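Two complexes come next, and they have one chain in common, subunit A, joined by subunit B in the first and subunit C in the second.
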Partner chain A sequence: MDARLRRVNKEIADCKNDKSSKIQLDLVDESPFHLKGSFPGPEGTPYEGGRFEVDIRIPDSYPFQPLKMKFITKVYHPNVSSASGAICLDILKDQWSPVLTLKSTLISLQSLLCSPEPDDPQDAEVAKHYMTSRSSFEETARYWTHIYAGGPDPKAKDGGSGGGSRDEVAMAGLEKAHVDQFEALGFERGKVIDVLRRLNYRGANVTKITEDRVVEELLKP
Partner chain B sequence: MQSSDGETPPEAPRLESADLPTAEGQETLPTYTGPGFVTNNPELASLTPAQLYELNQGLLDEAVPQRPLIDQIVPMAVLRAEYENGSASFTKQIDYLVSQSYTGIRRTRGDGDCFYRSLAFRYVERLMNAADPALAVGSAVSTLEASLPMLEAAGFQKLVFEDFYDTFVSIIKRIVQPEADGTTLTPLLLLEAFQNPEVSNSVVVYLRLLTSAQIRTDPDSYQDFLFHPELGELMTPREFCETFVEAVGKEADHVQMTALARALKINFSVAYLDGRSADGHVDFVNFNDGIQDELEPLVLLYRPGHYDILEKQSEDTVI
Partner chain C sequence: MSDDYSDDEYYYDEDEDMMDADDGDSAPSDEEMDMEVFDNDFKLPGKARKKSYEVDSEPLSQAQVERLMQTDIEHISGIFGVDENVASLLLRHMSWNKERLIEKYMDHATAVSVEAGITPKEEKPAKAAASSRAGSSSTGPQRSTRSSKSSNKLKSPSPAPKEDEPYTCPICFDDTQTRTMALACGHAFCSSCWNAYVTGKIREEGEHWIRCMAEGCGLVCPDPFVREALGEDKATWNRFRELLVRHFVGCNKNLKFCPYPNCTYTVACPAAASKSALLSIVPTVTCGASPDHKFCFGCSIETDHRPVICAIAAMWLQKCHDDSETANWIKSNTKECTKCQSTIEKNGGCNHMTCKKCKHEFCWVCMGPWSEHGTAWYSCNRYDEKASQEARDAQSKSRASLERYLHYYNRWANHEQSAKLSMDLYKKTEQKMEEMQISSDLTWIEVQFMKKAVDEVFKCRMTLKWTYAMAYYLDRGNPKELFEDNQRDLEKAVEDLSELLEQPIEPEVVPSLRQKVTDKTVYVQKRNEIMLEDTANGFLEGRWQWNTSVPGLE
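So, the complex of A and B:
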């Protein structure tokens, strides 16, 4: 049997036998080299209660080349692209080692959710949000966990995951009062959300960014 | 055309933009019309000569096939010829190596694994050349078998290292135990094995894991020497090993070399061809002195940033 297949089969079996890590691997199609991994969001983080899915591709020269991984589940995190799910993590690049496995790499992703590294961001806007106001960032990350990863509804007192429509202001990590304020000037709500998100209109930044500056951005076609 | 594989110091000086030829009849920008370059493309015409040069180098790197992972022996004269238009201090040192009866070098690819790959190849080769190969192989295999518990003690999963181990040990055993087709290891088969990426890289990784396990399981002997090569800060054994031993393509330094010599229970020396010697002699640094065996010496050639194997056999007698 081909060495790569032998190794991958052993890793999949090892993961199945280990119930304690709560890490799951599933085949996506017929190929053993395209998998879907998933793990629970770490406790004590805004990702707690969610389950996060990762697309895994095993390259031809595995394990001498790193696994290719990206989030399928949308994640609000400085080192994960909020649009594409691309991940910025050294072991998926130049720090890859053949001692790493599907399981240990997924565990590293789980740890990345615990300890963001905003100085080496994948998503610059999210990283700015994290640096500007940690509490507002965590609120947004928790909301994304609820919407995309099946986590508890942060607004429901009992923690249940109630249905309800998606709150675009909360998704963008903004304050309703700020959005209302500029919407009242006659701008379209979606555009206000987009501009305030790009300007990182949060925390201490709110006093630094003048109303004129925001209006100027809103007037751009 | 020169490939930029960085293995042949001193390198030809890189062209400065100002040195690039200005093509006749071009309106504003001087355009590089070097080998293999099409210049009537409007997108390329807007690039500066420096950008074009970089782009061209990139294309050359892709077009020129890479050096094999490990190559046949070439005579010292070939190495000397590379330096004849360069630094006299290097040619003097090469002449010194010849005077010490080194006849050739066996080159490895400059991919960050060159130390481990050179060492592994020569390690197997001299077992094959031993006066009593069965004894030499038996002794090497028992050392490697005895290293397995150390890998587990260092925290490596068996499923991670067992395939690499099997690959390495089966090459060594083949020196004395015929394969199903009745053949034992020959110099040509050894070279082919080490030119096969899967086999060659498995052996390299096994040596990296041995090195790492040696450091991790004996931290007292190493922890005062585990410096980050760029930042100069001390690192924990775990951080050091994860970053600079186990990760693919990370070059070995003195600490790794010492640890590996101890793990394999061998000694070896490194000849430093650095062009720095006033009288042309070459410094040899010994690792793990004091080990006595009947094998040929294992000598590597270091040139800044790269390791190859120094051989005393000529290319006529072996592959």
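So, the complex of A and C:
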């Protein structure tokens, strides 16, 4: 049998038999080389309570070349692209070793959620958010976990202040007052949130970004 | 390789130079080092005195470079009392900087050995366990701390199997494998996994620094281990050796690997090893495997961009790239006759055009009547600054500067195109000459004059091409005028010769044509030498003044 296939089959079987790790592997189509992995968000983090799905492609030269992985579930994390799910992790690149497995790599992803590395970011905006205001970052990450990963509703704890549109604002890590301010100028709320998020309009940055600059961005098609 | 210089002096001078770059301490500057290289080394034996546009260089085969590497390895092996394979890894780790290696190794032999992948890191199991606990802020400065978080390994690396218990390779899960291999760390894997891994590293990733397969293990495969892992695969082993040579060459400013595909030669050119040297010389070198393997030691812009220095060639190409859209139409292969407007296609290298329809003779480059070109005041090469002044008055300034640029670009591109066309034309001529050789009593030697002439035309058009890039940046004044005089003389001579080459050839005219072509070829050759020599001297003397700031020349 093909060495790669033998190894992948064994890995999948091992993972099925191991009930303790809560790591799950599923086939996406007929190919044993395209899988979906999932794991629970680590406890004591904003990702707690969510379940995160990862798209896994096993290259021809596996295990001598690293697995290709990206998040299917949207994750708010400095080392994960908030748009594409691409992951910045050393073992998926130059630090790969052929003894690493599907399971151990997914566990590494799980621990990446515990300890972001904002100095080596995949998503610069999220990393900036993480650096400028940790509590605001965590709030957003928690909202994303709730909305996208099926985590608990943070509002239940907070007492649900603000209503529906506050979720959107908080998810972007912004202040409601700022969004209101530009919405009052006649811009669509969704666009305001989008632009302010891109400009990293939060914390100390607010004083550095002029109103004109924001309006200029808002006017772009 | 010549014995006239000692290997040591010749290419280790840069050790200090590299140390300078790494440490920023008070090692000699670039310039001082260069002078030393110039003074001490590289007296090529038995070669004619070089021209000022030529640069001393020496081609080295892969075996010759390997011998240089071996000398280093033996030296280090002797000093440290270590195995040659260990010395090789140490040198590779230190980018072949012997001085720096010796200095570091004397102080911290163990640390250097660990970094170089020779000795395993000291096991600290307690700490490793701690770092795998998630949630703690990242403590270690190295990225590898991240990978060490993945605590759940497939199987802890096992030592080589004992005779009686069945061995299952932790990578391929194959329990039928009987041979295992391990580095000094003891991380054993089956030999077919090692083979796949090492082959992939070399073939796919072009890597010569191949770490142990165990996660987080920093040990590096020494050459004999690589060889063993590859088994009978000679081709991959040879590729590995080439990668080692390339790494060595890449670490040495005096050496450059030949850029031609599949070539394994190296060129040594200490005279062009520093950035400052490249401001006054154009190091066009040949690798030694083939006379066609010509390349610039200083840049990868073009194989031979003499007479302009790398920095100006780069500036010019960047400009052409930026302005390519506006200039695109000029490159087109067709133009209209200035008199009758019928379309004329350029099919030879000669710029003297005659309209098939109305017989109007004109210059392809400036579209002016040819009658003005055949005379002493051939002025197609010189951008008329007065006319441009008028244009400036009439049109906007940007229009004038575009026109100025187009003047030079037009001629630059035209020489390139003409050079190619003259090669095409020659292929047709060559065929005809071969036929004549059979039909008439001309000998093979007698018909070779065409080949020589075409080669010369090609060479000179390349020179001319780059002189236009140079003239674009030359500041107005006496030196530029003299430069353009030389340029004009060369251009005129080349156009005359080109025209001769386009004449219909019949056996009866061959003897007289041969005389004419040969004379012209000699003349063109002389003009080219003058152009190259004078420009090169100008760079050495610092004679050229520029109308813009040239990187490095401020």
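Operating definition for what follows: the second predicted complex is superposed on the first by the 204 of 221 C-alpha atoms of A that agree within 3 Å, B and C clash if a C-alpha of one lies under 4 Å from a C-alpha of the other, contacts with A are read in each partner's own complex, and residues count from 1 in each chain.
In this text, contacts are C-beta pairs under 8 Å (C-beta built on N, C-alpha and C of every residue); 3 or more make two chains touch, one makes a residue touch a chain.
Please read these numbers as outputs of a predicted model, since none were measured by experiment.
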item: Three-chain arrangement built on subunit A, subunit B and subunit C clash or fit; value: clash
item: Subunit B versus subunit C as contact partner of A:Ser111, first or second or both or neither; value: second
item: Larger contact residue set on subunit A - subunit B or subunit C; value: C
item: Contacts of A:Met131 with subunit B and subunit C, given as first, second, both or neither; value: neither
item: Touched partner set for A:Ile72, first subunit B, second subunit C, both or neither; value: neither
item: Which superposed partner A:Leu199 touches (first subunit B, second subunit C, both, neither); value: neither
item: Partner chain(s) touched by A:Thr101 [first = subunit B, second = subunit C, both, neither]; value: both
item: Contacts of A:Leu89 with subunit B and subunit C, given as first, second, both or neither; value: second
item: Residues on subunit A lying within both footprints (that of subunit B and that of subunit C); value: 3, 6-7, 10, 61, 63-65, 95, 97-99, 101
item: Subunit B-touching residues of subunit A, taken from the complex the two chains share; value: 3, 6-7, 10-11, 14, 61, 63-65, 94-99, 101
item: Subunit C-facing residues of subunit A, complex; value: 3, 6-7, 10, 21, 42, 44-45, 61, 63-65, 89-91, 95, 97-101, 103-105, 107-108, 110-112, 114-115, 117, 120
item: Subunit A partner contacts - residues on subunit C that touch it in the complex; value: 132, 134-138, 143-144, 146-147, 149-155, 157, 170-174, 189, 192-193, 196-197, 200-201, 204, 213-217
item: Subunit A-touching residues of subunit B, taken from the complex the two chains share; value: 156-157, 159-161, 163-164, 197-198, 201-202, 205, 208-209, 242-243, 246-249
